[in-house]
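Sharing a structure below in structure tokens format, with a few things to ask.
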């Protein structure tokens, strides 16, 4: 271990230390003023974000190739930190309102972010596993944070049991890969894989690995937990979980598969193709029947996982993999902002005792809270993929990559399912704008600000996406 | 010396038993134990593979897994305790209020 | 640096910004703001028109700036106008103030949002007509959906939500396939710039065919071509008056314009191959639309179905692939915009008083509302294609072009039958238009007159605002009917250039 | 323009004013008419039409001065695109000036007549405000008709062609809220619609002819087309001319499209006279004459045209015999006479056709206007009679009420105040000949005018009708015996039904109070009639069948080429005259000797039985068309609209199939099925399959978490299975 090793994980280190300190500091913060903890954690996230951004352009590898610092990780880390910030901002008022304001909330959130960031940097399967658990365990707790509310506890337990179950597969997959390639380092794996002749063990291992990640990103058929957990967990947690865990899961999936398993790409492509298509179809189709906004967004989240999965399909094709991955990264950004915004609106309307979450509770929102309704409309349009939102740009980027790689039918499934998705997203708009009702919404400054910022980003970036495009494509440049 | 395949087969059997345990048992604790079984099956495989290539990597990894599993146990048990407090039951089939 | 087209496209934005910061109570100020904004936009379009050189067949006033040129993208902010689009631009900017004027008293609720959506819609429509980059075009194209969706959904009739969603999903269903085709072109051509892609050409003919279909799917739904018209009656019937006007006047033209602008020059071989099929659908649409119109009990529905028939003519003309047909079709787009727009306006004016669109309660209105009746008659006749009014010029040139195309083998097996059968549409147009006019204005006094009286006010003739709203349309009805030469002159060079690209059999 | 460049253009520059004057007139009346008095409105309209007549005269002078050479005045471009180039060009030659003179001349007279007629008509129907509208439409008609006759291309002709169709629609439906008996009804507007649609059917033929022509000749311009008449394939010209015949049949009311004309009598009488007798309906004849160079090269087409005309002539004449309505008789007579003209031009006897067109315009206008005078007279009598029955008390009351109602009411004719009373209009039809009789005494001027018209129509020498009809018959006798005899028989019927009419209307005793109290019409109406009567008598002088008197023939020669001038054939003339006299004699025997009594059945009915019923019911052609065209069209429309488009396509396909499948899938996709039960079902299936675990797995009913885990496992199995087995 040398100073370079530390540089590679500098932001992670800072955030970890900060989280530990915060855990202690929190003890001295009175119960009624846990907002301070929130502010402190936000401060930590912001500072880390600063360090992360300062690392743009740096390329390094540390701890004997266990972690890497590159454009990709920086990009993902920055996105994760922003997600963390947004998560804190959303939670600030929410936890107070729901009577679950406890300091651990923020600490757990920070630890989870740490896990996610580590995931983006991991180049060794051991670290991947560690990071996965590090991000998951706090989320299990957060999901059950509304205890003694049964829904929340149930969500926590379900998430936990199924999460552990899927990490069982992950670990076993790693074991098989280790057996097949005699290494857990992804660079060593790729070398070993290219020389060996029989890949069955490796293939099975990789498939099991895929299942582990698939669970995290909620790909069909590993998605079953998603709606229940999203519904049961406190909404602020759901918001963070649906973006952060997805980003991290995809980041690891991208790095591991693109780096370690190009040799078995032909086999995996079919699997990924089907996974992606199934995820898009199931997610969107099932979402139609939802009347609970949280479940609706949960299925929407599944569906979007399907879209992102499309970029993995051509991962073995050297010519297009860079574009694909860049497209995936951009889509993650667009999804993160849109998603946080949408959850923000949900939080604004949520009442205690789980009220205010039915779709019909949004009736007449445009009259009572035009700005909130407008923001939600923007998010819905973005999720559909319509101008003038970042969602459209993201989708176009994705589809371009898919078409570029020659998977036209997958693209067709993609666009058709987004047509299906238009139906339920539009229903939200219909209810807000075209039905009468007397909804009440909480207007907390931080919440409003979050919603406003995400809405603005969603719209404005759609006009000037080139900077993000450039960053995303630079980020993946050195990955291969 | 026992060929590595035997270990792998054993670990696979253990793993399947674990999986089936998760699927079949309704007691949260036992499900949890089955998951541990799955992890340990993986550990067995790793150690076996590690011994084949005469590397400590595998054993180190196993330590990590054990540690993580311990952490999971802590969280998991806490969750189960909480559930038990409110439901007076740890039958996972009774935890089905979230659906649809 | 010439920014006139940008100015044209985005000038409604000023009004939107002003409206955004207005308080919710002074509705008249909002209406005036929107009206003035749209008039300013119209002024800008006139300015653009004066800068436009009609004898030049190429794109003019081109603005081309790099927009997204990173990460393998090559997207430009590329606007331009030529003879194919200038008239449609003018139509858009011309109809928008009229539509705004027509909602002066019809929309009393949420005026601010209404006006904002309307101006947004204008931006979208202008953008579609001006964009020369496929990507930019697609963005504007999809964008027009959003405000229209709200306009129908919020201010529409009783089944507005159903209609709005149907409109949205239908249109989107087509356009997403187009998106894939656009991406394919962009990926394989290395650029999204339409002129460059056209210049490159060389798309293998089987791929051309699929791309053509993908584009056609988007446009055909928008047009709407038979049998994809099912959304139209719903949207028209439920939309508020101004929505119907813009929908019929401009939004449907987006589809036909798309065919001219993209399908023909980008995929000439496929276009030639598709010509008989499209002509077949168009012909069916003409006859079917006319027949179905006649059997409607709802005035707006009748007009809506008549659009199916009229746009059948446009499609027939476009795929005649000769100057007469295409120029006639473009002129017919304008005509349909004016005539059908005016019909919807007029229907809206009477609806505002009677709150019903059922034919059976009307009758004998001409006696009570002579001015309204006369104007309605003129508009109806124009829609029917009476020579001397605008509709005839378009329909006649289209039919002539289609006949010529049939004789020259463009329609293959269809020969002149398409034109001949479509000409039957002329008779059928008379049937439904006269039916409409008769049921509303002729015959004994309908029960609605007394019905309205019961509510304390008699049916009145048009007031000055309403007359001011329609008279500009009437002027164009006569102008195009009697002296269409300037209109043809504007489009002729561009049309000739387009026709020259077609590998005709 | 090339023609006019060489010639002295004279007053040619006035050509567009043929159209502009009436348009100015209609604009003045349309926009400011509300503030003008009735007299002013009438004066403006008549002046506008008169100005057009003056222009026609000047153009006539110009054309005469240039020896009949065709001159063209280019006004503006119209449609120039691709190969198509159309202009607004006026063509002034001997044929078009003839038509202009007829149209504007007769038109102006009818305008003047209408001032008087409409003054009363609008009061009988209690809507004085509509006076102005009438003249606006009338001026519009003159304008459209001028475009028709002065157009230099088929397309410009078509503009006028459709324009007059529109005017016809507007004027037939002038009293759109009532039927011919002024009861609230859709009848008049239906008649108007029918006329327009029938015309449109014809226009369809015209359009097709136009397309064929354009691609055969490359132009719509007359000269350009005619120049190539010998180059273009014969079959093509046959097709063009026959499609054109459909147009002619529509406009000139020939079989099979004549059905609209009788209904068109719903319009005010001046309209019937001007549009549906004198001018518009002759447009078809004009069209064929104008297209003479085309028809001349295809004898097959000519024969068909002639045959259509001749059959129409006879067919309509038979129907006219069975009509009771004074205007309906004239309407069928018009169809019949148009048949004569069409037959004539079909045979290539263009001069004869045009000659008959002109004389027919005179005497048929005269007859219609006189009929209008009769109807108004009877109506006046009816009101008079109704008044006489009213009690003196109510009269006084009414007078008081009138005073209080102010000036506007004051203007009304005394007799019409009680118009609204229901019994007043319940059953009385002032146009029904069965209600007339003996009008000779009460309306002497009208009687004599009517007599002149009748004699001219019946074709007795030396009235105008004789000469023109005789010329047609003579041509027919040279051309084809079939056509000759068809026309001769038609001429016989013509004389018969006109005789019947005269006896029924003017002789005998009044069969109704109204007829007994009928009053003569004012001067403003009778004076134009006198002028027309004079023309009906002397019109034959235009083209007498004597050497040196073929004025019209020579005049038209400039345009349509050399036409053989025929002398007077005593045999043909004799036969037709004798037949006409016999017909009148028979009609006297039937109707004159024993005048019909009130409520008496038509004496002819006894003799002819079902044949007369057929005539009376117009041979059931309307019913036939209704059954084979209108009803099926309505049914198909409703079927398409309701069943196919709405219920099948809109509701069933879109709602049930697309949306339904969508919902069904989402329902299946709903956790209830796929996510829970679906997985369970698979789990149960697995349970059966794997006996070892079946017992346990069957107990897995609602183990949700475990279902989810199973789903994960399912994914694992599928993926691994695929990868291993691949």
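Per-chain numbering from 1; labels A, B, C and D assigned in written order.
We adopt the following convention: a contact is a pair of C-beta atoms (placed from the backbone, for glycine too) under 8 Å apart; a residue touches a chain by one contact, two chains touch by 3 or more.
Just so it is clear, the structure is predicted and the values come from calculations on it, not from any experiment.
Participant: Among the chain pairs here, which one is joined by the most contacts?
Facilitator: The chain pair with the largest number of C-beta contacts is C-D.
Participant: Can you figure out the chain closest to the middle, judged by Cα centres?
Facilitator: C
Participant: Averaging only over C-alpha atoms, locate the centres of chain B and chain D and give their separation in whole Å.
Facilitator: Result: the chain centres lie 94 Å from each other.
Participant: Chain A to chain B: how many Å between their CA centres?
Facilitator: From the centre of chain A to the centre of chain B is 26 Å.
Participant: If you average the CA atoms of chain C and of chain D, how many Å lie between those two points?
Facilitator: Chain centroid spacing, chain C to chain D, equals 34 Å.
Participant: In whole angstrom, what separates the CA-based centres of chain A and chain C?
Facilitator: It comes to 43 Å between the two C-alpha centres.
Participant: Going by the contact rule already set, what residues in chain B reach two or more other chains?
Facilitator: 19, 22, 31, 92, 95-96, 99-100
Participant: Could you say which residues in chain D touch two or more other chains, in rising order?
Facilitator: 670-671, 704-705, 709 - these are the residues of chain D that touch more than one other chain.
Participant: At which residue positions does chain A touch at least two other chains?
Facilitator: Residues 157-158, 161, 165, 169, 227-228, 423 of chain A touch two or more partner chains.
Participant: Among the chains present, which pairs are found to touch?
Facilitator: Those chain pairs satisfying the definition are A-B, A-C, A-D, B-D, C-D.
Participant: Would you mind writing out the residues of chain B in touch with chain A in their complex?
Facilitator: 4, 8, 11, 15, 18-19, 22, 28, 31-32, 35, 38-39, 41-43, 45-46, 48-50, 52-53, 55, 57-58, 60-61, 64-65, 68, 71-72, 75-76, 78-80, 82-83, 85-87, 92, 95-100
Participant: Going by the contact rule at the top, pick out the chain A residues touching chain C in the complex.
Facilitator: Result: residues 323, 326, 366-367, 370, 381, 384, 386-388, 392, 396, 399-400, 403-404, 408, 411-412, 415-416, 418-419, 422-423, 426-427, 429-430, 433-435, 465-466, 469-470, 472-473 of chain A touch chain C.
Participant: Which of the residues in chain B come into contact with chain D in the complex?
Facilitator: Residues 19-20, 22-24, 26, 31, 92-93, 95-96, 99-100 of chain B touch chain D in their complex.
Participant: What residues on chain D touch chain A, complex-wise?
Facilitator: For chain D paired with chain A, touching residues are 662-663, 665-667, 669-671, 674-675, 704-705, 707-709, 711-712, 714-716, 718-720, 722-724, 726.
Participant: Flag every residue of chain A that touches chain D in the complex, lowest number first.
Facilitator: Within the complex, chain A contacts chain D at residues 157-158, 161-162, 165-166, 169, 200, 203-204, 207-208, 210-211, 214-215, 220-222, 224-225, 227-228, 267, 270-271, 282, 285-289, 420, 423.
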